[in-house]
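Heads up, the next two complexes both have chain A, just with different partners, chain B and then chain C.
Here is the complex of A and B:
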């Protein structure tokens, strides 16, 4: 297993390199100039020499290969460069925001699992009953609602005494006060819980007919024990795959949720960075996203083996 | 049982945390929304309004502009004299206030450090630094008339071009136009009189020791002399300032601090205002202006601003560059009243005058273009394009961030009814500013903030020497503008600007569309908030009270 993990970790290196190359090419090919984006028509106040000096200062006047290799060299030294706009090191920008985004993702995932797995299990156990239909319709609705809309509705219903009941703060980070995390986590998690519920249901139904479930029942085990130890444990693997794959989706959803709920995470850094052509910030956050995605997939694969003794990695 | 009890206790604890959060809002602190997080808080490199909103409360200059009147008022200099020396140069002598102390904040520790003329000189010299990472180039550009300033900046620029590292201040080169007379007297000499130097030519003042001590952190830790001092900045969350206990005007500021709260979404800010978590609201969600006015009739306030929304013609290689009558026809076809008052809920004043803010001198040109489709059709015929026949498709560039303005659709419909074929091209700011200065664009959507009601703040940047994106360069107009800049007599000056304005409108270089309104909500317990016409970011928050 350890050899497998090391091999997978080594594979991450060329993958990140390929992603780096693609992202850099895309960022380089993006038309536009960060100086003009910021200054707009105010650029008229500057002479061409001053503009050239500003471009040279940012290093964006150099040829592609030079910029590519320079940035690559810096990246290998864990130096992601300096934001064109914020005049701050990208590593600091990410360092401040990443824990907040992860915090929100964790909250969202917790909500998704707490709602999604029980809903899928109950729906499977009560197949074709009104409860099954109700839960699956609920899941379909949850899946169909865009995150930004859910956010606005949640704020109106749960944060305002004018339009609902003010149980939670409208927005903000609240210095890490978990109370501020509940509503954005609910919004972020609801969407994912719908997917998890549907996958959990179909997986539970598939496992229900397996011989080992019948054997467990024939041995006289209590229903709860059969459900948790044999039924759910085997049905959970496809759910785990979905959860792993949804990490990227959760990050994307977090970007929208962060905007609505004033959450100071990565999403609120990358959107202005793209609009302002702040290449170092774009590169840093995208590379980080790719890295997180690869690591989460690795963890998912390892968890397969933990949950299912039949799966072994050489 | 125990499990239920534990869950109950946890839920109760969470609710308590929420209650404490609400209690925190009762402090005498202004809760002030900002829709864009500052990109940094370095006053030397600042070129964004989002940064200025915060920095204007921390930093002060020798003089300030009164937000209400746009007039110069004393700030760190309690008075100044103006004279013309034997060489015809303009000499300003500033008499500094005594007893002004720099902020003494954590990490900097400047106890009882008094401002002197040496500090002022240091700030002016740093502002002249040619390295854009140290000083925003417009600062040096605005100081170009100071004797020796251009030579100093050029020498530094040459070092930069040669790949040399430039010092913060070049000790071996003097700027004769900047002189310390004594601890409280500072003199500036301009090689030629410049009326606007005092308005936009001087930097704010920071502490040299703080700058040195903070190093890179000066980008996010401002240290000034203003009514508020910096406490903390949590990116994309909030900037917190507290009252400066040593502020030189007794009794100010009136509140204990300001919390600038960053909102990514205007709807969220509106909801927080409604819930009492904000004292102001400056940005309204699209399409909700009327509803907001109806919901908060007593909280709603409005001022005329100095921003102009306009359509510019490509006067060099655009298809209408040699078609003055067609340009006039386009101007007559813009129904500003419908666009701004009906469809845009009155968010701006229809520009029924000319290319200057209405409060500026010479703001009424001899020729204006009120909506008249018949007149537009007549002009098209006179130009040889009856019903638009023979006129090529006109490419109109729209800036993505404002391309959804109702005026676009209103104008499009009117132009098509005249038989004119148009092609809209929408681009974002990264490519827009380059492309509108090429033959691709015949007309482009644009805006300009004059900042103060002063013709030079529009004409010097958009008309003089063909610098604006219209690229219209008329030597006679340039001569008039140069003369007006130097003219001291206000009546003669206004006459010169009037001539320029008349020519610009007769030639139809730009179609004025709207003048800005500054609209905001403020709670009934807030008093003293007077942003004037120069923009919300210029409001003096030191005189605002919160009597909740």
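Here is the complex of A and C:
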């Protein structure tokens, strides 16, 4: 077990380097000058020496490799640098934004699991009935809607009295009032719930054909006991993996959901940062997104190995 | 396993056997008997038809401004209503199919070419090559796709690269092309993993061993033996990938980073329509429905292909 975890951890190291390299090259390739963005017209009044001094101050006048290694050193010490534009450390910006994005992701995940798993299980138990077909087509419809459009329709129907019923606030964070979280979470969770329902169904069907299910039934266990103790427990493993793999998608969805619902998360920080050439903020957020994904997948893999001992020896 | 003699090679070789034809017939029958898949195919055909013949089908010029018909609700003249410039929404949707289909198909071609090539190399050579490619795949999976796209579009926009200027003559801007490639660049990782796992099972088959024994080069084995036998699941992924690419393109357009005005794109139309959402619901609703139905069509086809290819589902 320990050996497996160590092997998995070692695998992550090169991946992190590749991610860092890709992200750095992207940020480096971004044209434009943050100084011009901040100063606007003022730039013309400064002498070339002053401009050069400001560039040197930000460290953006040095050659590619030097910046690459320097930034890498900072990252390894978990120092994400300082925003070029806002007078704030990147870590503070993220420290404020990340919990809000995670909160939204957690909300979406909860919605997805609450809808997705029962839908998948019911669909599998009632395989080839109208209920199964209806649920699966419904799931595909859920998968086929653009998140931002779902958000607009939800706002139209559920938060306006002229076009629907004003059950929820249109947008905003509401100082952490959980009431404001419901609509964005519903919108964010829809896609994932459809994916989970589909995986849960096929996984349930896969397990249903196994000998140990027949054995459990043959020895006279109640069907509910077989369903929960034998069937569901084994079928849930692939669902977990998919949930892990979907974290990146969930983050992307969160970015869009934040835009529609005016939610103060990371998504609403990266767009202005890109427009203003605020390289440290862009890199910080991109790296963080990748990092969250890697961590979640690592946890999923380890969990997988705990639940299914065969994995460890593979 | 003993090394095959030349006699066995002839028997085991996939060429010259009637097996592939029978498999293809079975596959087509399985696909056609799946009503949902056929429905998907019909939807996809209609959308592609609309994209190709947009000029003929569209009832109005998609960019014709008419002050008298501003924000007209759907009626017999304008089936899906008009936008704030009095332009016919149905005509704009039909023309928008071009952009969406083109971006989705090219993006998917780029993705699948990269994915299949890297996955095949990774699975066939193994060892350090495999390790490097798989870690690269992990990295691509981990980077949040939409954020990558936003940064990418910003780079291309600002750099004003004239690299693709020859394409502008056929109505494609640099931004279009850059979106094709970016969508491809973030979309190949799944194809690579799938191809690799396929190759890993196929490379132990007798006909591959036989080919190797007769001295076929690595390249020949990959192209003649691995590719045709391992590609089927990738086709399923490609069809689902087109669906994903349509959604990504519309999301980019929605964030204001997609296809420029006045070229109608479905995502851009929703973005513009949201400003009139409370008094002209049709403006944003119909483009959204169009995207949904199109993506649903590709998902139906993808699912149908997968089921038809899966021998375990044979009844």
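The working rule: the second predicted complex is superposed on the first by the 271 of 314 C-alpha atoms of A that agree within 3 Å, B and C clash if a C-alpha of one lies under 4 Å from a C-alpha of the other, contacts with A are read in each partner's own complex, and residues count from 1 in each chain.
Quick note on the criterion: a contact is a pair of C-beta atoms (placed from the backbone, for glycine too) under 8 Å apart; a residue touches a chain by one contact, two chains touch by 3 or more.
Everything quoted here is computed from the prediction, not taken from an experiment.
Engineer: In the overlay, answer first, second, both or neither for which of chain B and chain C A:49 touches.
Structural biologist: first
Engineer: Let me test your reading of the model: by the given contact rule, A:289 touches which partner, first (chain B), second (chain C), both or neither?
Structural biologist: A:289: touches chain C, not chain B.
Engineer: Look at the residues of chain A and decide whether chain B or chain C touches more of them.
Structural biologist: B
Engineer: After superposition on the shared chain, which partner residues are touched by A:85: those of chain B (first), chain C (second), both, or neither?
Structural biologist: first
Engineer: Return first, second, both or neither, reflecting whether A:261 touches chain B, chain C, both chains, or no partner chain.
Structural biologist: So A:261 only meets chain B here.
Engineer: Which partner chains sit in contact with A:129 here, chain B, chain C, both or neither? Use first/second/both/neither.
Structural biologist: In the superposition, A:129 touches no partner, neither chain B nor chain C.
Engineer: Of the two partner chains, chain B (first) and chain C (second), which one does A:30 touch, if any: first, second, both, or neither?
Structural biologist: Both partners, chain B and chain C.
Engineer: Scan A:223 for contacts with chain B and chain C and give back first, second, both or neither.
Structural biologist: It touches nothing on chain B or chain C.
Engineer: Which holds for A:174: it touches chain B only (first), chain C only (second), both, or neither?
Structural biologist: A:174: touches chain B, not chain C.
Engineer: Report for A:156: first if it touches chain B alone, second if chain C alone, otherwise both or neither.
Structural biologist: Both partners.
Engineer: Check chain A for residues that touch chain B in one structure and chain C in the other, and list them.
Structural biologist: In chain A, residues 30-32, 152, 155-156, 160, 162, 259, 275 are touched by chain B and also by chain C.
Engineer: If we count contacts the way the header does, which residues on chain C are in touch with chain A in the complex?
Structural biologist: Going through chain C, the ones touching chain A are 36, 131-132, 135-136, 138-139, 141-148, 150-152, 154-155, 158-159, 243, 247, 250-251, 254-255, 267, 270, 274, 277-278, 281, 284-285, 288, 291-293, 295-296, 299-300, 303.
Engineer: Quick check: in the complex, which residue numbers of chain A touch chain B?
Structural biologist: 30-34, 36-47, 49-50, 53-54, 56-57, 85-88, 93, 96-97, 152, 155-156, 159-162, 166-174, 177-180, 182, 258-262, 264-265, 268-269, 272, 275, 277
Engineer: Chain C touches which residues of chain A in the complex?
Structural biologist: Within the complex, chain A touches chain C at residues 11, 14-15, 18-19, 22-23, 26-27, 29-32, 137, 140-141, 143-149, 152-153, 155-156, 160, 162-163, 245, 248, 251-252, 255-256, 259, 270-271, 274-275, 282, 285-286, 289-291, 293-294, 297.
Engineer: Hey, which residues of chain B end up touching chain A in the complex?
Structural biologist: Touch residues, chain B against chain A: 14, 17-18, 21, 36-37, 39-40, 42, 45, 47-48, 130-133, 137-138, 141, 157, 160-161, 219-220, 234-237, 261-265, 267-268, 271-272, 274-275, 277, 428-431, 433-434, 446-448, 461-462, 467-469.
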